[in-house]
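Just below sit the structures, each encoded as structure tokens.
In what comes next, chain A is part of two complexes: it sits with chain B in the first one and with chain C in the second one.
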Partner chain A sequence: MAVISSTEDFLLADDFLRQLMSVGEVDLLVGIPSLNNATTISRAVEMIEQAFQESFPRDRVVILNVDDGSRDSTSEAFLSAMLSKNSNPWGLTSLRTIHRITTSCSNAPSQGGAFRTMLAAADLLRAKACAVISPVASNLTPACISALLYPAARENFDYVAPLYRRHRFDGLLARHLLYPMSRAIFGKGIRELHSEEFGFSCRLGSHCLNQNGWRDEAVQFSPETWMALGAISSDFRCCQTFLGQKTRPVTSSGTDIVAAVRGNVAALFSCIESQQVVWMERTGSEPVPTIGSDHDLTSEPVRVNRKRMLEMFRSGVSGLTTILETILEPGTHAEIQRIAAMDGRRVTFAAEVWVRTLYEFAAAYHHSVLNRDHLIQALVPLYRGRIYSFLLEHHDSSPEEIEADTETLCLEFEHRRPYLLEKWKARE
Partner chain B sequence: MKDMIIRGLQQAYENMVNMMAEFLPRLVVMLIIGLVGLLIAFALKYLLRAILQLTRLDRLSEESGASRILRHAALPSITELLSRSLFWLTWLAFILVGISVLRIAGLQEQISHLFQLLPQVLIAILILFVGLLAGNFFSRAALLTAVNAGYRSPQLWSGSIRFVIWILAISMALEQVGLARQTVITAFSIVFGALMLALAIAFGLGGQELARQTLDRYFGEKKNEREKEQEPSPL
Partner chain C sequence: MAAGGDSLWYKDAIIYQLHVRAFCDSNNDGIGDFPGLVQKLDYLQELGINALWLMPFFPSPLRDDGYDISDYTAIHQHYGSLENFKTFLNAAHDRSIRIIIELVLNHTSDQHPWFKEAQSSRENPKRNWYVWSETDTRYPEASIIFLDTETSNWAWDPISKSYYWHRFFSHQPDLNYDNPAVFDAMWDVMKFWLNIGVDGFRLDAIPFLVERDGTRCENLPETHAIVREFRRRLDEAYPNKMLLAEANLWPADVSSYFGVGDEFHMAFHFPLMPRMFMAVQLEDRKPIIEIMEQTPRIPATCQWCIFLRNHDELTLATVTDIERDYMYDEYARDTTMRLNLGIRRRLAPMVDNDRRRVQLLNVLLMSMPGTPIIYYGDEIGMGDNVYLHDRNGVRTPMQWNGGWNAGFSGADPERLYSPVISNPVYGYQAINVESQKRSPHSLLSWMKRLIEIRKSSRVFSRGSIEFLQPSNHRVLAYIRESGEEKILVVNNLSASSQAVELNLQRYKGTVPVEMASRNLFPRIGDLPYLMTMGPYQSFAFRLRRL
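Entry: the complex of A and B
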């Protein structure tokens, strides 16, 4: 076993180290975290190998699978996936051996542990550019993988975020909270802070590997969000690249929303706190270079149970009164109660109230007025209220109108940034 | 006969006057001791508060997270808590000394018992404090989970959890100080057992439909298609 990180003990298994040593140094590394993905991982491996053959035939490459404890022989499926023999448009096949390594999480299985293992491997192999790929992404093509690797490998970008064609009612946490709030605070807007596919440079990978926050629950749950936030807050060169259609999630139950809010909002608030010295001095925002379309929304009809969302918003506001009183200013709390009491067809959770609510939540998180996990969970009913109001208002809106609404929200966040500063410093 | 009654009354009156003559000075001494103790306790309280404010103990407590725990339990800051504790301890000690001056038969023995019980009492207070914190924490966690999952009567879930934890803490504290040990254990077992049985019966008989839905939600293989599309994807 070898200790990799100097800040906190982190061990890699001897067998894994032997595999890494047999590979030697590489130029590119693609990581696939997996958990019971035996049926889909072969396709991901094929796509990655095609991407290597088509776009990086001269580079030394490795595919790394970090398994979270699968019981369906995912690792065997990864190793036995057929080697693709397709050549690139110029008739060349890869000039190098494409290595495959599989390992299990070194410490307790978790998304953070798997990601840390990948970073440690990339660091040991001195990979110049890396990408993380989801084993279940059915729309993944070799071009997508190349699009994630190329900016970091050839154009000196440190973080490559994906952009997708999505349904106009998908990714609402990203569009109503993560993107506008992080853009207003850190001055750089990345639309997909939470993504299962992304690329990064060895510089950013080493920076993250040497951070102290690996034991944080938010990092363990959502390490990709944490890395993206680290990249925009620490002045790494970031870009976004369009990957095409994002597969629509099969299900999105209430538990998924709670888990998504807990993981991603916790990562955002945690980053806001740890980087306060940096963002407090900044003003305004600058665009992040984008390769391909900046946004692409589709509007095929979908069935959404708005009535249940409204019920959960109302029951949350009434049931959590004592908790919300602790977090919010009296005026904001009264305004939310007024919204919850409105007629269902006229509920309007205005951008101004939403922004004020989020800034007060962030300040309350900073001042630890409550257990932090509980504080973030208390945001879930309010998020539902905001989304209900959005769905009501934009039921028949075109993608352009929805995009304009997102931009208005971003500007509202930037306009009210001094309010966050005021609340942030209130008790200091 | 008449003389005997008058003599008896005189005797009782004289005894009472003698007792009062003996007791009143002691009572005055006790009151003086109590009053002096009060002044000294106040002085010590303000002195300790000033010293602790100089040492910025509150800031340290805030950074270590101790203040958060105190706030959750609706208690004042660590400086205020320590200075108030010193006040009450000092005054209590003076009052006990004052009571011993009264020389009331049996009371002195009780006071010495009280001093012997002090360590157990402190541990019991600690148990109550931890129970209070745990009760608040877990009831809030249950409330948030129930509200966010859309369960009915989230306050009932939350209140029940707080009630059970507090009852457990109180019974443990009473057990620690040795008060009616058997009664407390029996009472707790009866209350806890009855509560669980009542909940099981209520859930199984009164809420058959809810029980079926809950079991379906956790163990059912196929979810209702309508449930699948309840909310738009957050990410």
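Entry: the complex of A and C
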């Protein structure tokens, strides 16, 4: 076993080290975290190999599968995946061997553990550019994978965030919280902070690997968001690249929202705290370069269960009164209670209230007014209220109107940034 | 010695390719000659080679470096006389060195008497010895080979006022093998040299002998029939002689020239050569493994000829577009180094004069299946001159010592057929035979030892090959095997140290004996055999039961 971090006891298995030794130095690494993905991982491997053949035929490349303890032979499916004859109609081929290696998480299975294993592998292999790919992403094409790798491999970018064509009611956590809040605080706007697909440079990978916060729950839950925030807060060169249509996961459920808010908001708040020296000095925001088309919204009709959303908002506001009193200013809390009491057809969770709420949550997180995980979970019903209000207001809005609404929210976050500073410093 | 002996001698040959003009000038006229070559046979014998392939030395206007022959049964006056050739041949045979000469069957020079007669009138008996047409549109499917020079395969003859067919330069009209008299004439040429005592022919441009409407005029069944007839007559009248085919094709295509052992004895394995360079630059065994997997089995009496560099450009005809771009970018970034579909450079400059890479490539050459060919001067790491026209940059005088004209000639430097290489890195003052002979650590001394190792076992020349598949793709390892004898060759293709685990379970219990030092390595057991290798390092082990 080998210790790869001097600060913690993070170990790589001997077998994995043997595989890394065989691969040697590489130019590009694509990682696939997996958990019971035997039926879909072959396609991901096929897309990656095609991307290597079409766009990087000369580069030294490796595909790394870090498995979280699958019981369906995902690793075997990964290793045995074959390129279909149709996938290479022009007879393109990589000049070099396309390596495939697989390992299980070194420590207790978790997203953070899998990601850390990838970073460790990338560091040991001195990969110049890396990408992480979901084993279930059915929309992923070789061009998408190339688009994630190219900016870091050839254009000296350190972090490559995806941009998608999404349904106007999809990606709401990003548009109502992660993007506007991080843009206002760190001065750079990345639309998809939380994504299953992204690229990064060896410089950023090594930087993250050497951070001390690997045991932090925020990192364990949502390492991707943590890396993205680390990139924009530490002046790494970031860009966004268009990957096309983002399909909605078929398994999307209420539980997913809780997990998404917990993981991503924890990562955001944790980063706001750890980088306070950096962001407190910043003002305004600047766009992050976009490669290819810009993001896009579509507006085909969908059914949304707003009723349940409203119920959960109301029950959360009443059930968590004591906790919310601890976190929020009395005026903000009262305003939220007033919103929750509104006629369901007239609920309006205004941008100003939403921004104030989030800044107060962030400050409370910083001051550790209560258990941080409990604090973040308390935000979930309020997020539902905000989304309910949004869906009510924009049920018939065009993508352009929705985009304008997002921009208004961003400006509201920026406008009220002094309020965050005030709350942040209140107890110091 | 050469007349008798083993009929498969060519399998065990280590061929040295040279141009008489470039090797040694005995009469100080600035041009190498046969008497000069005789003076250097001891050097070649010491080097350890046992066959010489001579580039064309026949009378010629020399518009294509002798491949435009104007008399097939004489010696170009620059190089001496027929008597000089016979003296040279006997001297070579005395040293157990066989002689392979070049023969251009496909075409002659336009100065050849046959062509002059053919163009003199349409009724001349020699008229039908060449391929004529009233238009220049026949055989449109046939490709043009010298794209940098020619625009058509037809040229206008102002004397007989018709077009003649030429697959190469327009001054090289193609012979018409549909005329039996042409075949007989060329067989007479071969008999002439066989009777003098040459041991084999390297037959140039073989795929193009016959033309047919509606085809690419390459590799036609009629061409194979002609080769078979030459071979039949050769075997009947001149046993133990050898035919070597020049056919720049993919292995599956060129293997047809072995027939069922009734066409050529040997053929060049053109696609392997660029892939050896590619594998070393890529630090990945993939290109070599891939092309060897595509190489079909050949009849037991046949053999591939393999080489690193030769008198032509490093041909990139049998690589993909992506591979060609890569080779150009890595080995010929300066576009003056490119010619036709290839790279006109010598071995040492190709690898930036990196001794370790030169050695690694030579180990591959000597240990892969096939008969190796060493191009003159590469054994001392000679450089090239890309500023000379066409392929002349790799045909400069041999560098014998640091003295006048590199010891090649006593003529005034201005009189030399080509300037000697004189730059500070590859110039004759730095790179020459005499200085390298004095050092046991020189490339020349190392090459001698390598050739010795190659000759120490027929496994290299006649054995099978099985590639091992260690997970470290920077390492190319294979087992050469013949009967009870087994040799393991391991090559680190990369510029960095590598560890590799070899699955040698089949050879459990044997002891690897390193062939250069004869040192014993640990006995092979149940576990994967771990080796650590330095940059570009190679090992050859005899696997022995001790």
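A few points about this structure:
We take it that the second predicted complex is superposed on the first by the 417 of 428 C-alpha atoms of A that agree within 3 Å, B and C clash if a C-alpha of one lies under 4 Å from a C-alpha of the other, contacts with A are read in each partner's own complex, and residues count from 1 in each chain.
One rule holds in what follows: contacts are C-beta pairs under 8 Å (C-beta built on N, C-alpha and C of every residue); 3 or more make two chains touch, one makes a residue touch a chain.
Note that this is a predicted model, so its numbers are computed, not measured.
Partners chain B and chain C, brought together by superposition on chain A, fit side by side with no clash. In the superposition on chain A, A:308 contacts chain B only, with no contact to chain C. In the superposed model, A:58 makes contact with chain C only, not with chain B.
By the touch criterion stated above, A:283 is placed in contact with neither chain B nor chain C.
In the superposed model, A:24 lies in contact with chain C only, and not with chain B.
With both structures placed on the common chain, the touch criterion links A:264 to chain B but leaves chain C unconnected. Once both structures are fitted onto chain A, a short way to say it is that chain B and chain C open up an angle of 140° at chain A, using Cα centres and rounding to the nearest 10. Measured by the number of chain A residues touched, the leading partner among chain B and chain C is B. Once chain A of one complex is fitted onto chain A of the other, the partner contacts of A:97 are limited to chain C, with no touch recorded for chain B. Overlay on chain A (Cα): least separation between chain B and chain C is 39 Å. Comparing the two interfaces of chain A, the one with chain B and the one with chain C have no residue in common. In the complex of the two chains, the chain B residues touching chain A come out as 65, 68, 71-72, 137, 140-141, 143-150, 154-155, 223, 226-235.
Per the touch definition, chain A reaches chain B in the complex via residues 169-174, 194, 248-258, 260-261, 264, 302-305, 308-309, 311-312, 315-316, 319-320, 323, 368-371, 374, 377-378, 380-381, 383-384, 387, 391.
On the chain A side of its complex with chain C, the touching residues are 18-19, 21-25, 57-58, 60, 91-97, 99. Against chain A, the residues of chain C that register as touching in their complex are 278, 282-287, 320, 322-323, 326, 470-474, 494, 496, 498-501.
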